[in-house]
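Each of the two complexes below includes subunit A, the first together with subunit B, the second together with subunit C.
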Partner chain A sequence: MNEGLINKAPRKLLFLFEILSLSLIFLYSWEGIQTETYVIAVGLVLLIYFSNYLLGRISKGDNYIFLIVCMLVSIGIIMIYRISPDLGLKQLMWLTFGIAMFFAAYFAVRYISFWGRLTPIYLLASYALFALTLIMGSRTHGAINWITISGVSVQPAEITKIVLVFLLAAFYGGDEKYRKIKNAEVYLMIVVYSFIGLLFLQRDLGTALIFFGVFTGLQYIYSQDRRLIWANLGLATVGGIAGYLIFDHVRVRVTTWLNPWPHINDKGYQITQSLFAISEGGFFGTGLGRGNPSFIPLSYNDFIFSAISEEMGIFTGIGIIMLFMLLVYRGFKIALSQENQFFRMVALGISMIFGIQSFIIIGGVLKVIPLTGLTLPFVSYGGTSVVTSFIALGILQGASEKRGRGGIGNE
Partner chain B sequence: MFDLLSIGLKYVFVFIIYLFIFTIIRMIYLDIRNVDYGNLDSGAYLKLLNRIDSLPYNLSDSYPVEAELTLGRQKDNTIQIKDPYISKRHFRIIKDEEEFFLEDLGSSNGTYLNGEKIHDVVRIGKGDIIKVGELEFIFINGA
Partner chain C sequence: MNSERKRIITILVALCLGFVLLIGYLSYFQMFRAQAVRDNSYNKRLWINEDNILRGSIADRDGQVLVYSETRDGEAHRIYRYDNLYSHVIGYSLKDYGKSGLERKYNSYLVNANENTAINELINLINPSGVGNNLNLTIDHDLQKKTRELMSGKKGSAIAINPKTGEILSMVSVPDFNIGNLSENWNTVSENPDSPLLNRGTQGLYTPGSVFKILTAVGVIQNGLPEAIYECSGSTVIDGYTIRDFDESGHGPLNLEQAFAVSCNTYFADQAVAMGHDKLREIAENLSFNQKITFDLETSTSTFPKDSIGLTDLGASGIGQGRILVTPLNMLMIVSAVANDGYMPMPYIVESVVSPGGMRIDSHRSESRKVMENGEAQALKNMMREVVRSGTGTNAGISGVQVAGKTGTAENSSGKNHAWFVGFAPLDDPKVAVVVLLEEEGSSGGRSAAPIAREIISFALNSITN
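Right after this comes the complex of A and B.
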């Protein structure tokens, strides 16, 4: 009895938060109130309620990660709607699709068992996605990472991120036969570095960092050959310095990180506006609808953390960081209790993606590390980002359930 | 009007978000405690000695022994093992006034206590090894 009561408490808090913030949004746009406001209010509450209910029914796995993500999503969509109602409505559509994909990914992981044996397919898929971007890609905000298929823009690198985790997990934890090839790990390293190089060419520095982080993490944990880890770190140092010297867009990021103030009118505009916004907010923020988040370029996307900090206070910002920490903690916990080697590595890789990505972008907008354009998972506006993040979460949810012991290759 | 409400609610939002985080952390903490202490420290339990991954069926690492524990092929046993060498109702362990007794329930292949086949009810204590078919359990009495 008591257990049930405790379990329902966070769900109730989530609804309380949504209902209060949505009614505030109603008041905010009282004069120009349109049907879309109703759609977003009713849609969001129903969507989150039913997906939570459904998940509790069908999954015996972890029941925290989805709740945590629901809170992040709610904070995000309310901020996006407040900045631009149109985008808010679009985001709601993406969320609906994303949660549908969450369940699809969950069932795919639960009922299909040969994921660990597809190493060559993951390899080919990654290169195919890169080729697609280079051929059909268009340049937005300095990076070639978008392709448009019949009116819908997608970012293939977001999908490649998940494929990379599967590739690494299949290599280290699934198939034995690829690891037995002579110097297999060296080849793997060459492959991953070719991905990172391609991302550099596309000027997608943030994603390149995620690839490097996930690869280094998994290599550190599972590689038998310690020399390769040193080689990896050495190469990264050399590559970083070379990138700084060769590429202009890398140098700009470092300059605006070290001192953005002389460039306040051009290169450093975004980051300084972000800092102004955060300091304007103070501890509790200016209150929803009372700040000026539209002063920051891309405030609904990369800089949503600053926009939230401005209107809802740095305490909410710290809250978001804590939610991400809990999410990553649960992800590691899932990995630790999973006995299937392949899914253990998948869970680890996906948690690392969430952790590294949120660290890079939050650190970037706070001017703690050089800024690289990335979305804050689940919070930022962006179709591909939301959908792929939910797919990754669905895989994590699937990996949280008990599976057969040992690697898939041993069956 | 809106301004006042917005300023008031911003504190409420922060409060709700932190309460949410706090409840989740508390739930996670309670879960961890259940796993760590709930099963093992209190009372007696059977620990499986075989390597779990060498067995073709699902088994836990350890099973707590309360008032009565039964092992067999049938569904209503505390430990169900789908192994042809194990009878539908193989053995049971009963607790009587803080002492534990092992009883073979007329199994076809027998129950072995420390390597000897048992015929009747036997008192068991800490460290005794119970063998049925391929499976070996060690009995541990923590209390």
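Right after this comes the complex of A and C.
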């Protein structure tokens, strides 16, 4: 087969994009050009080229997902570097580490066979991570979701997201003994809702929505008791309304979603700045380095999509949405061709995380849905986000390889 | 297995639909909403562009510069030469508080950012420290000074217009504010209960009182009843509710012209009831009530009740009370239509936009709309002349000039009457029309507003030649 040839063409396009946008960065910062500009340019191209090449040699699975993600990462890192060279360099560092973790996760999935039998461990790990956040957490931008371990800030919920997928997959598709407990599915639902409740308390509404989405998706596909799905949806509605009535921070999100303009100086500031940026860009953008994305608070993080739309235009914005759509599609395709139940569910869960998270944050900055603080996977700045997203991708990569129907192990 | 595949695909389709929704909304937003969002004065990007451009200057009709910008220590400064005089016409342009008046409406001209063409962008790239376009106004600086002088210490608005062309000659709203130090005084000014930031002339809505009788009179003329004799006994009972005259002894028998001159309330209340709500509303809407007035400054819309109203309300409407609200600018346009033989001019204040190189980029062309027959206008002209010659408006009289007008004393919820005067001169070839509104003056229009109008008219006729 000429698999290699097919893989090479998009890889070349990716390099073309990188070279073009990097030359724009060079043009933009011609006068104050610094060594870090060369570092980022050479580093990014080499890193992406080498890791794609490596992956082509070692994995016989789906090599497109990594290519798609490389495109997202390239757009993101170029935008972050343009907003703040310091952060750009840090992001490159995180990216290097993230890709290393991608391979680590891939090998872990490929060579370790007992992932589907660890239901209680996933459960304990989730609660442990929540406890860690509540005890050590510090509040940033309204949410308590950061902990600092020896100088490095980590968002435990990013890790819990992946653990949740493993927990759900192990429950529905791993060993059967937990499913056979009476009312097991009800207990599972209570567990998931306890996670969501804890996230509400931490004011991390975006992650709460992802948890709910992934759980509901997998429940819809695999639940034996179909009434529970309705119970779940009913409970979510009641919970949503209760959350609106009880929590002030939830009400603020809804108010500024319905009409942010009267609150432009305070609580509606972020979303209106985001809309200003997007409307400034037009279809083709102001051009890299020629807009003012730094007017948006957190332009390199939650609002990176708006910053990209301002300088690269909504055509690039639409491109990013389509890349996520492709990523989700490939992820679901991996699931459909995976014969192993557990890994099929893992593939579905991870694809859903990517899809739901990107929808929530892009929809939020566009004011299609209420804004909840989340990173745009692979694009936003942030160590935990980049590393955990690459770990998730590595797991998806591992799940894309053929496995025995029941057995767990490599080919 | 099969149902599992189906469900997986259902979830996939749902996620894809979500993404398609985002793409659709993003495209919709960019095509239909983005422009309005960009122009929001809170958008700091507007200011960034402006920092590179020296805002254009604004001059009066004789070329006298009222406001300009200059660079001092590498920073652009806006110089307002006349502290309070143009607070509502030119308005302010402040980074922290946005813009108002012409600074807002003509912002894109003043910063030359109007045509966002590729060529303009290239020019801006090559020469980023450009200079904006200049505005030439229809305002006469001397008349503006005179008008403000006459209005000082009052609350209200006075506007003078050329009734044939619609050129605004002066426009004052008091209380006003000093644009030069508005930034420092923002809180005091914006929280002042008398709302100095409001342009009362174009945005204030007031009960018109007797100046509205001009509209009721149009109805009487259109119904062919100007000569019909009416017996005024000092009060009239409509639907069990009594409408009284200012002078309760009664005016005795009178026709339209006589009733208009003495501003007989019972006459006009009964006439309004006789012609009905639809007729009166039709006349009012034809004269821009309930219609947005397009103007160089922000305007409010005058209101005449749309749903059918009770007879008492209708009678009150006939004398400008009840639920009618009007802007001074709108009243001025109505008077201008009378002066201009039935053609209502569209008012304007920016005569032309001129590039820094002296090229005319945009200039205003006078427009007018026929709102009444010539005969009706002539009859009203004569009636309004009679008001000033022998009726309630004698204080507006100028010897040697035939001034025409109508007074109004409007009761309102504050308990203190608004004093109105609208008028024009000279009768046979009107050169200037004015409106004077004194908010909550607690005095009659004839006593307090008419003398101010007289001074404005007299000054305008003497000083404005073109």
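Just so we're on the same page, the second predicted complex is superposed on the first by the 400 of 411 C-alpha atoms of A that agree within 3 Å, B and C clash if a C-alpha of one lies under 4 Å from a C-alpha of the other, contacts with A are read in each partner's own complex, and residues count from 1 in each chain.
Convention: a contact is a pair of C-beta atoms (placed from the backbone, for glycine too) under 8 Å apart; a residue touches a chain by one contact, two chains touch by 3 or more.
Because the structure is a prediction, the values reported are computed rather than measured.
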item	value
Partners on subunit A (subunit B, subunit C) - clash or fit	fit
After the two structures are overlaid on chain A, angle v-u-w for subunit B, subunit A, subunit C in degrees (C-alpha centres, nearest 10)	130
Touching partner for A:322 - first (subunit B), second (subunit C), both, neither	both
First (subunit B), second (subunit C), both or neither touched by A:275	second
Touching partner for A:245 - first (subunit B), second (subunit C), both, neither	neither
Contacts of A:14 with subunit B and subunit C, given as first, second, both or neither	first
First (subunit B), second (subunit C), both or neither touched by A:264	second
Which superposed partner A:284 touches (first subunit B, second subunit C, both, neither)	first
Partner chain in contact with A:135 - subunit B first, subunit C second, else both or neither	neither
Which superposed partner A:222 touches (first subunit B, second subunit C, both, neither)	second
Minimum C-alpha spacing, chains overlaid - subunit B and subunit C, in Å	6
Residues of subunit A contacting subunit B in one complex and subunit C in the other	322, 329
Interface residues, subunit C side, partner subunit A - complex	4-5, 7-12, 15-16, 18-19, 21-23, 25-27, 29-30, 33-35, 37-38, 40, 42-45, 48
Residue ranges of subunit A touching subunit B (in the complex, touch as defined)	6-7, 9-10, 13-14, 16-17, 20-21, 24, 27-28, 30, 64, 67-68, 71, 75, 284-290, 311-313, 315-316, 319, 322-323, 326, 329-330, 405-406
Contacting residues of subunit B [partner subunit A, same complex]	1-3, 5-7, 9-14, 16-21, 23-28, 30, 52-53
Subunit A residues within the subunit C interface of the complex	217, 220-222, 261, 264-265, 272, 275-276, 278-280, 282-283, 292, 295, 309, 314, 317-318, 321-322, 324-325, 328-329, 332, 335-336, 348, 352, 355-356, 359, 362-363, 366, 368
